[in-house]
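Please read through the structure below; I'll follow up with questions.
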């Protein structure tokens, strides 16, 4: 399964008046991390979308906010494919700070499905699975790529 | 348990090039819906935050994207308190369209904790529980307000 | 010339760590105010865009930030058509607070041009001018809808 | 006068349903470009803000949108100090594409003033002028740092 690391500096606009990064900002970074993971796997999302008229919208997301991060921090988003099925592809990400790589800021699991912009739901196509899961992806597929991020404590 | 309805019109800026609302936009609406639920319960978040130096950051969120919504749609965010504990308050929201109130667009469960801006974690204070849960909130508290949105199908 | 009033409550997400509304947020409100002005004039931007494959992208914008506004404020965006030409339509907006209607928060002039999504630049079509300028718009057109917001003091 | 170059990849979230970057997105990039220009000049905005309780809010902005840019483009934001006075500091930016460095996407002039978070307006302090204008900044100050981006054609 592919693993990718995306680095970004927190902007002033990403903060809110609690002087921390707003919880919605993480979704920007997680999205870009997925785009970069696919690029590293050989799939340029932009040209793939244009050529196939397919897209990979979110099915669902589970995110845990462990610690805040702040303006000007450099955040590191590590992403792996947590599970891959023909119906969904799960990206598991961990956000840490460059200055404290052992401290988890945020954990997320985001599942994408595949749709054709005109004709609706599709199975995740081979080229996406190849980019995300790698050679021999057929043998690594599971039937259902469920979300496993337990959000039930506390 | 309090129930509130927040209505908002989708802006052009809320869309992305797939011609649907970007998945991060829902977090804007869900946040405003929580602010309005508390206001209806008698708690003005702005003045409460200023007076107490307390805040209600997200612990975690689970969100399921069922159908897209689009520019100029009027979306309805119905929010109820799904569970209330001294450690966390869970807001359960359902997003539908004004034009199709029976069709779920998005479902989310978002849990908030309480922090003091200088002194760290706090129990959810009475005035917040009163606003969100109502009179006699003590008898309705659970020990742990776990997230119950199952994200494991498919 | 049409005049319209758009009201919106400032969200937490709209603020930054200076505890004021981030300067980019105003562009969200100004955009929605333009959409509402056109709707009041009889043009639903969404269906017009879909039917004609035309759009009204920004040519330029001039904005003056006079006073900050803050979380939970209700802001009022008053918009008029400042000038209308076949090449550009200028929307002049003034942002005030509901709680202090005589105090200007922000002033902006934003000019839109017309493009066809496939074929490039177009003249502003009659239905847009009718919605924005009103009956007899032909006699009110100017040759160039220049920006008049002086940004040169201080 | 300092000159700085900031590079950023366009995200999916930065686009709208016209399949181009939304006009408000540029303000994110321009802001980050200013932060980086100051950092290169020796001023870390984050620690300066924390130490002094000063900030540099926008006085005004003039922006011209010349050509669209799109998802996955790498944009280059070149920024220079266009004029520096004790009352305002003007940042002049030009946005181009890495793939077409001679084609201007957007031009902007943004003026910042200085405020103390509790005590109101302040003169731009020496350390900011040193970082932005360089050694001998005193001799380069003008009385008024007016905006010169002509937005009156068409």
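Note that the chains are named A, B, C and D in the order they appear, and that numbering of residues resets to 1 at the start of each chain.
In this section, contacts are C-beta pairs under 8 Å (C-beta built on N, C-alpha and C of every residue); 3 or more make two chains touch, one makes a residue touch a chain.
Note that the coordinates shown come from a computational prediction; the quantities given were computed from them, not determined experimentally.
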| item | value |
| --- | --- |
| Most widely separated chain from chain C, with each centre as the mean of CA atoms | A |
| Pair sharing more residue contacts (C-beta pairs) when B-D is set against A-D | A-D |
| Gap in Å, rounded to a whole number, between the CA centres of chain D and chain B | 35 |
| Separation of chain A from chain D, taking each centre as the mean of its C-alpha atoms, in whole Å | 31 |
| Chain A residues counted as touching two or more neighbouring chains | 12-13, 18, 20, 24, 27-28, 31, 71 |
| Residue ranges of chain D in contact with chain A within the complex | 9, 11-13, 27-28, 31-32, 35, 44-46, 70-72 |
| List of chain B residues in touch with chain D within their complex | 12-13, 15-20, 22, 24, 71 |
| Residues of chain A touching chain B in the complex | 18, 20, 23-24, 27-28, 31, 55, 57-65, 68, 85, 87-88, 109, 111, 113, 117, 144-148, 151-154 |
